[in-house]
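Look for subunit A in each of the two complexes below; its partner is subunit B in the first and subunit C in the second.
So, the complex of A and B:
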């Protein structure tokens, strides 16, 4: 028999080894997140999934679910903090949604909509970032990178290639490429890699296919991110248990 | 063609000794611009200029972007005619992916999108922006000389205008997903098939739209001939004309080749492949405007300026491809007595003939089985340079891109429709200034004459700005010693006040 904890007062069952986020999602409760993907080990880098347990903040994607835990998640204060983190992601990069091919299927954009982001709030940093279009099939637009390391983990753990890494620290950190020139050309990346498919923004894209999905049929045209994420989580659970 | 003596008004010999009048910003046009007039002590106009005071920089900041992003990115140039930029850029990137000939379905659906845009843009301009001047008079009470006044005095007409525009916007929405800044054209084709439900939705109102468009042509015609002397003389001048035509020389909005004719209707060049436009057209830069001055190379920059847009297209066409529009074209062309029609105010009439053409063309396409095809994309041998030319609502629009081997844009050149009309609009301003402002005391109505001339060209000075006559405006009359002797101020609420000096 499974044990339970309480998420905003709602009793949530969990299995031994599940995190708060996994148990909540399995119970149909969406906790906003960006760096967590059900196919990958939890990473706890984006901090969007932060919840309050016993008065302290924890990343729910890595925090183990524990019996009788009282977890605060969907509160005005926490959602304001999540929104602020999303706003900071927007101003730290160069995100031009109107002309971005990932618009409508972008998890950063969809999260911003979900959390009610109306403006950038913080001053834009306008960083100078190097684009990499050297590869014949894959484009990397670092302007859109949120340094969630999804590509790093997916390339290593799902593709078995180790194409990507993080170089530098803090605001100066950037995605690096494992190739002699440091460019995608000459690396092992392929358009079919999960590292490309799982990128939550328009940073890593397949060349020449942008805008082929018409408005109305893009991922988040059809349902908001909470519905989409819960559906994807259920599918992954069915596949991997 | 001999240039009008009034062209000499571009630059006064001693501007420092002249009074300066500024109309800023211009209202009921897209974007921001201003007019300056320099007058001598006897109030004769010595210099008149239309200045475009914005700088956009699209040609620079799209450098480095991938080519497939360009049709979506550059349409943000405008909120009124984004479809034109979307399609012109798409035609250019078609060349980059080697798509020389689209599938019949993709070609016809892109045309459908374009005609929807022509319909909505022309309806917006005629009914919302220009009809107040034409119905009430150029110097009518400013309180009623606006779309609200049109709704009050001519409710049926105003509703028709609104519904015509709405229909065009719905065509755009159905195809591209949004009324403004949707996505439909992609390199080599389109991203969505057209459903029978979409067809039924659009088909149910198209007969009414054609009927209203026919009525709009009649309104424009009767307004023109009703005050024929004014219509033919107001801001009038002779010019060359440039447009696309079909291989037979017929009216064409989406594709075709370039044709230029002189003021008598004689051919300057014809059936020029759009990819060779740079051999025939150059641009001159002048220090006082952010907008360049294009001209026909063979005639030089003094004689080679030309007009584009509805008047040019109708003048240049041998025939309209649809019956009602062709009937209307013949009536229109009779005004020229064997030569092109040159009147600035004839733009409104020509524009409504195009509105009718767009409605008929939509009607025809909705009955064409090709639009339901599912073969939407083609590809071929990639190229590093692409040129797309289209007839936008305001005139011929050029998009020219070069990419590197990685697909990133390295060079871009855009000649937007309004740019082609730059000299023409300046000339119209000078003509009106000389005709109506010489020796007169400043009034709002008098200054509106200048704006009426500019509005006839439906300029899109940058992107959409619909102030509907409510934009703040300050006009000052400064004497030769630099002293302000007269001032008119229009507040953001549209209230006009004279300030004691």
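So, the complex of A and C:
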């Protein structure tokens, strides 16, 4: 018989080795997150999935589920904190939703909708970031990067290519490309790479298909992110267990 | 009959799309006009706010010195000031020029631009001076509420206005929040 913990008072079963987030999602309880993807090892960098356990904040994507744990998740305080983190991501980059071809398919935007973000709150920094359109099939717009390192992990662990890395620290960190010129052209990246498919924002996109699905008919135009993520999680579990 | 609430609106560095969306509330405009009276607005073409008003709606960000002046006039005359649309809230499309220097932008438009004749940067004293960077409204003055969207849908505007005029918290329900 599986053991259980409590998520906002609701009993959640878990298997040995599952994290709080994995057990919650498996039980149909969405915990907002950006850097966690079911296909990848948890990374714990975005902090959107922060929950409170015994009065202390933990990333639920890396925190192992433990018997009779009391986890606070869907509270006004935690959702305000998550919203503030998302607002910081928006002001630290250049996220022009109205002109972005990823609008409606973007997990940063959809998470902001889910958390009720109506303003940026913080001053916009309008950083100068390098774009890379050198590759014939893949575009990289660092303006939209939230440095979740999904591409770094996916390229290394799923594509077996190691195309992306991260350079610098904190606000000055940026995605680097493993090629002699430092540009996508000449790297091993391909439009079919999981690194490109899993980018949660419009930073890495495939060229030539940006508006194949019209705005208004995209995935998060049709269902909010909690519904989509729970569905994807269940599918992934069915494939890989 | 109770006195009507006074409302002023304007567009700064915006495209008037948010005003179009306000008109897009269609016949509900008549219902709105039962309870509000417009002061300065592009709808009636008044150029200045004539008296202190209850509600100010501002679309667009701040791209020049005149925008700053108008925004400050609105703040001093409006009890409640609302940033309407992406440009007012984030700087929006006009702020995409922040990736370039002002000189690069002006050169591109007036010196090197395609089909430019008698190339020179306009310098008539009546033209407001451009700011180095386009800024959202909350960088300059205190904003009380934010109504996102590009533009906010007619339903979002209607929901926001009716809740606010009824004295309730006008925060949008999840399904009305859009940034595109």
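One rule holds in what follows: the second predicted complex is superposed on the first by the 240 of 241 C-alpha atoms of A that agree within 3 Å, B and C clash if a C-alpha of one lies under 4 Å from a C-alpha of the other, contacts with A are read in each partner's own complex, and residues count from 1 in each chain.
Assume a residue touches a chain if its C-beta (ideal position, glycine included) is under 8 Å from a C-beta of that chain, and two chains touch if they have at least 3 such contacts.
Every value quoted in this text rests on a predicted model; they were computed, and no experiment measured them.
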Contacts of A:109 with subunit B and subunit C, given as first, second, both or neither: second
Which superposed partner A:98 touches (first subunit B, second subunit C, both, neither): both
Which superposed partner A:211 touches (first subunit B, second subunit C, both, neither): first
Partner chain(s) touched by A:139 [first = subunit B, second = subunit C, both, neither]: first
Touching partner for A:55 - first (subunit B), second (subunit C), both, neither: neither
Partner chain(s) touched by A:170 [first = subunit B, second = subunit C, both, neither]: neither
When both partners are placed on the shared chain, which of subunit B and subunit C touches more of subunit A: C
Subunit A positions touched by subunit B in one structure and by subunit C in the second: 98-100, 215
Subunit A - residues contacting subunit C, complex: 90, 94-100, 103-104, 109, 112-114, 116-121, 123-124, 126, 128, 143, 215, 224
Residues of subunit B defined as touching subunit A within the complex: 64-66, 68-69, 71-73, 76, 97, 176-178, 181-184, 186-187, 191-192, 406-408
Residue ranges of subunit A in contact with subunit B within the complex: 98-101, 131, 133-134, 139, 207-216
Subunit A-touching residues of subunit C, taken from the complex the two chains share: 83, 86, 89-93, 95-96, 98-99, 133, 135-136, 138-139, 143, 146-148, 150, 171-172, 174-175, 177-180
